[in-house]
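Before anything else, here is the set of structures, which you'll find just below.
Next come two complexes, and both contain chain A; in the first it sits with chain B, in the second with chain C.
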Partner chain A sequence: MPGNKNIKLYSKNLSFFYGNNQAVFDVSIEIPQHSIVAMIGPSGCGKTTFLRCFNRMHDLYPGNRYQGEIFFDNQNILSKNIDVTLLRSKIGMVFQKPTPFPMSISDNISYGLKLNGIKNKTEIKDRVESALRSSALWKEVKDRLKLPATGLSGGQQQRLVIARALAVEPQVMLFDEPTSALDPISTSKIEELAAELKKKVTIIIVTHNMQQAARISDYTAFMYMGKLIEYDETNVMFTNPQEKLSEDYITGRFG
Partner chain B sequence: MERLRKRKIQNNIAIGFSLLASIIGLFWLVFILFDVLRHGLSFFDLNLFIEDPAPPGFEGGGMRNAFIGQFMITGCAIVIGIPFGILGGTFLSEYGRMTKIGRLISVISDIMISVPTIVVGTFIYSLMVKPLGHFSGWAGSVSLAMIMIPVTLRTTEDMMSLVPWSIREAAFALGAPYYKVIIQVVYRGAIAGILTGILLSIARIAGETAPLLFTSFNNSFISLNMEEPMASLTVTIFQYATGPYDDWHAMAWAASFVIILAILLLTVLGRLLVIFKYSSK
Partner chain C sequence: MKQVKTTNFGDRFFSFFTFCAAMVVLVSLAGIFISLIFESWESLSRFGFFNFIFTDDWNPVKEVFGAAIPLVGTFITTILALLIAIPISLGIAVFITEICPSKLKAPLSIAIELLAAIPSIIYGMWGLFTFAPIMSEYIEPGLQFVFGDIPFIGPIFQGTPLGIDVLTASIVLSIMIIPFISSIARDTILLTPQVLKESAYSIGTTEWEVIKDVILPYSKFGIYGGIIIALGRALGETMAVAFVLGNRHAFPTSFFDATSTITVTLANEFTEADSNLYMSSLYLLSLLLFVISFIVLSFAKFIVHKGSKKWNG
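Presenting the complex of A and B:
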């Protein structure tokens, strides 16, 4: 467990149910500020489900139920009187497949800004540029900001989506296998980006790729069958895991 | 080898039959179009649009009243029908997506699409014409709108469902409320398809006669009052084509030509929208 660092986000005995199916069991985890936490585990172990609890994405579908607590800046975000749209502007998310909106590159980014009530055109323009710069996309797209975002390559789309999420200045970013649909070069660009981003935001990343977790994360959590098996600093997890299950998974004996 | 040859023969027979069927189908279509074109063009002149009908037995005259009536009835039908169709489709694809009432509406709307239009006409007759005591342009518009609603509703729902859920989730994840997700993201993704659906549904009602017979009826004089019986192209064609005078027949041909041309343009425009959408990607 992380030592006495500044804890940005933590869950306490969190369980999650799809209808009657329990997908997450009693998970307690602390996410230190300005760090990257990787969630690893075999397919269907509940890591994506767990991740989607942090921005209440499950609220979109009927019949889902949370149990336990998640604290974000010392506020329980699972409580009923939380403004979910406000929460989601503070906790951004990037999905497995790139999700550009059917509009131009710059409109994709200004969308979130406008949602947050920014109307001043020069401010929007500046923030579009700085968001694109911080996701290392500016040089590639600066001459075609008005063209449809769907014309970009997969890797560029994913960086655009990251820029879009960054533009609203979230404090936490949730990455749900952000590179699983990308080629190695785009993947390394996004990994570099994540390393850069952690100066500003706290990152939780779900990944199937253990090398990726080892490369970019400060802490690694291993989940299995909806339970958190082990959580420690990444170099400890990958060199000296305490649990037999984690060791078996990390060394590739199953999963 | 034997089996392979047999398969080739079977294949050729199947191709032969489907070719034959499409030729038979197309033949009549081309025949009708050509006939309308031939007759229609020979009677087609400017008077058709700028003159009202001459009394029986007199030469000349046009169908200005029918053109204007058709425009007004169809226009009002569009204004009434499109919002219901789009909002209904939005409900089915979004808010009512997983509800029983949503599925029920969906099934009913499918049935409505295949209801004979004359039934819609008699329905509006008993609802609007009989109680008010007279035919009216409004009744015509409402009956056409009722034919439009299920068509636009269904296409809107289908086109919106084609926008992947991951796109909606991404918009939600930025902190967008649902109505903004729908208006700014889903509609934008589905707009070309929805517009196509609207154009096709307009083309569909532009050629309807049966529901108007019972509702807006006809009017030999020009009228801009939707409270009164109103002329429409289709009913006028019906009346002229079944009438006893040769020049009536001629005008019916010309009007048929105009209406087919209009529907053709709408349909082509709809197709172009689809092509435009897919080429812009």
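Presenting the complex of A and C:
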């Protein structure tokens, strides 16, 4: 569908099972590089489940099963011999609720760097700063880097978490309703941030907020009961959806 | 907080009852403290507080009593027991919560709680009849063989390994307190939000790194709380230690020396105390233990409270 753009990530006939309970049905989708793809759909339709396939988060729990393929830079990341830890450092994720680690602000960010083998103190310091700058948090926290991250406001914590994910230089970022717990000002800061980030990374964002999807995304995917119903450029999707279901959902007739 | 005034008789009776129940605690605490002071007064006025603490002689015949040896014995066994118990307990807690297959979880947790339910005298008897012989025949000679000739630490592995000594007592004590630390550690580890662990995984950490850098720091203050409870237990534990420490009034210079603790002295000598001064000195020892426990526990609680407020919001 997204023309002849460079495809960073795509799934082919992806299904997902929680034990015997199938939550994603045969989804094929292409994610173009340096774009923002919004996933919308009613609660329980499988957006989170689908998103978490891309960094194999489901591997953490027993009984979960993938079927089909996901290609990331033309490598099937669902295959057995993939280094999941390495994969996750390339495909970052931000959750609904901010999750700062129980450490200081700067340690929250330097932690991932140290894991990736960066030991040089000045390099760490520089990269902490640049990560905080790129998540538009630097000005607010530069005088309190050594203080506990739990002391930040919810919006600041969420931007810290984004900075933390960015510090390890992922190529893809997965956002699962990143602003649903935040106030409008923090929300718009994070939306601006996403627009800025797409120069560097490819973004998939799950959102319940139709305006948000329309504002920031290039493509929108509508899911319903575990299936991908429609996937198109965002402006087409919101002005001229092809499927009746998508139209009903977008115009608020159900959801 | 402002009390809500109520006119209902049942309510008033009930709140009066709970008030009385709560007062029982304060009254008994104060009562015990006062009677300890009262009973130990003779010894206290004879030797003086600091003199009592620093005197390393405990001689009922000459009527000279000093607490230095039991004090040191108490601290050494407590600290050693904690040093042994903390890593093992954390290992147990991490294993149960993060690593072991879900079928094993419940049986293991129950086994650990049962360990806590065993009366301490049983630990003492087991220590004396089963564990001490094993220590003296196999473990202690082995330790002596390995560490005995190393400079600096060699001397603390000297002496005849009889099995009734500081090391055996500390190990028995550590087994006793492991259930406290590990079950509290398990409970607090379980409180670590799933999404926090997931976000650590999501930047590419391994399971071990998540345990070490996220789960343990997050549950740190709960774990400290468990350690405090264990500390209180270890300071005051009597029966488990009495059988395997020896009640010898001399400073230990090696792991294989017998010595005494405050509680062991008390347990062994209350029936023998034939003079008022002797009895009063034993009371002074108990007063000392009371005060130490109180100070150590309140200090530890204070630290935990301050720390958890700062880091966990």
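Note that in this section the second predicted complex is superposed on the first by the 255 of 255 C-alpha atoms of A that agree within 3 Å, B and C clash if a C-alpha of one lies under 4 Å from a C-alpha of the other, contacts with A are read in each partner's own complex, and residues count from 1 in each chain.
Following the convention adopted for this analysis, contacts are C-beta pairs under 8 Å (C-beta built on N, C-alpha and C of every residue); 3 or more make two chains touch, one makes a residue touch a chain.
All values derive from a computational prediction rather than experimental measurement.
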item	value
Side-by-side fit of chain B and chain C on chain A, or clash	clash
Touched partner set for A:R164, first chain B, second chain C, both or neither	both
Chain B versus chain C as contact partner of A:Y111, first or second or both or neither	both
Chain B versus chain C as contact partner of A:K97, first or second or both or neither	both
Which of chain B and chain C A:N55 touches, first, second, both or neither	both
First, second, both or neither for A:N76, with chain B first and chain C second	neither
Doubly contacted residues of chain A, that is, touched by chain B and again by chain C	55, 57, 60, 62, 85-89, 92-93, 95, 97, 99, 101-103, 111-112, 115-116, 148, 150-151, 161, 164-165, 168
Complex contact set, residues of chain A against chain B	55, 57, 60, 62, 85-89, 92-93, 95, 97, 99, 101-103, 111-112, 115-116, 148, 150-151, 161, 164-165, 168
Interface residues, chain C side, partner chain A - complex	102, 193, 195-206, 209, 213-214, 217-218, 220, 310-313
Complex contacts: residues of chain A adjacent to chain C	55, 57, 60, 62, 85-90, 92-97, 99, 101-103, 111-112, 115-116, 148, 150-151, 161, 164-165, 168
Chain B - residues contacting chain A, complex	98, 163-164, 166-177, 180, 184-185, 188-189, 280-281
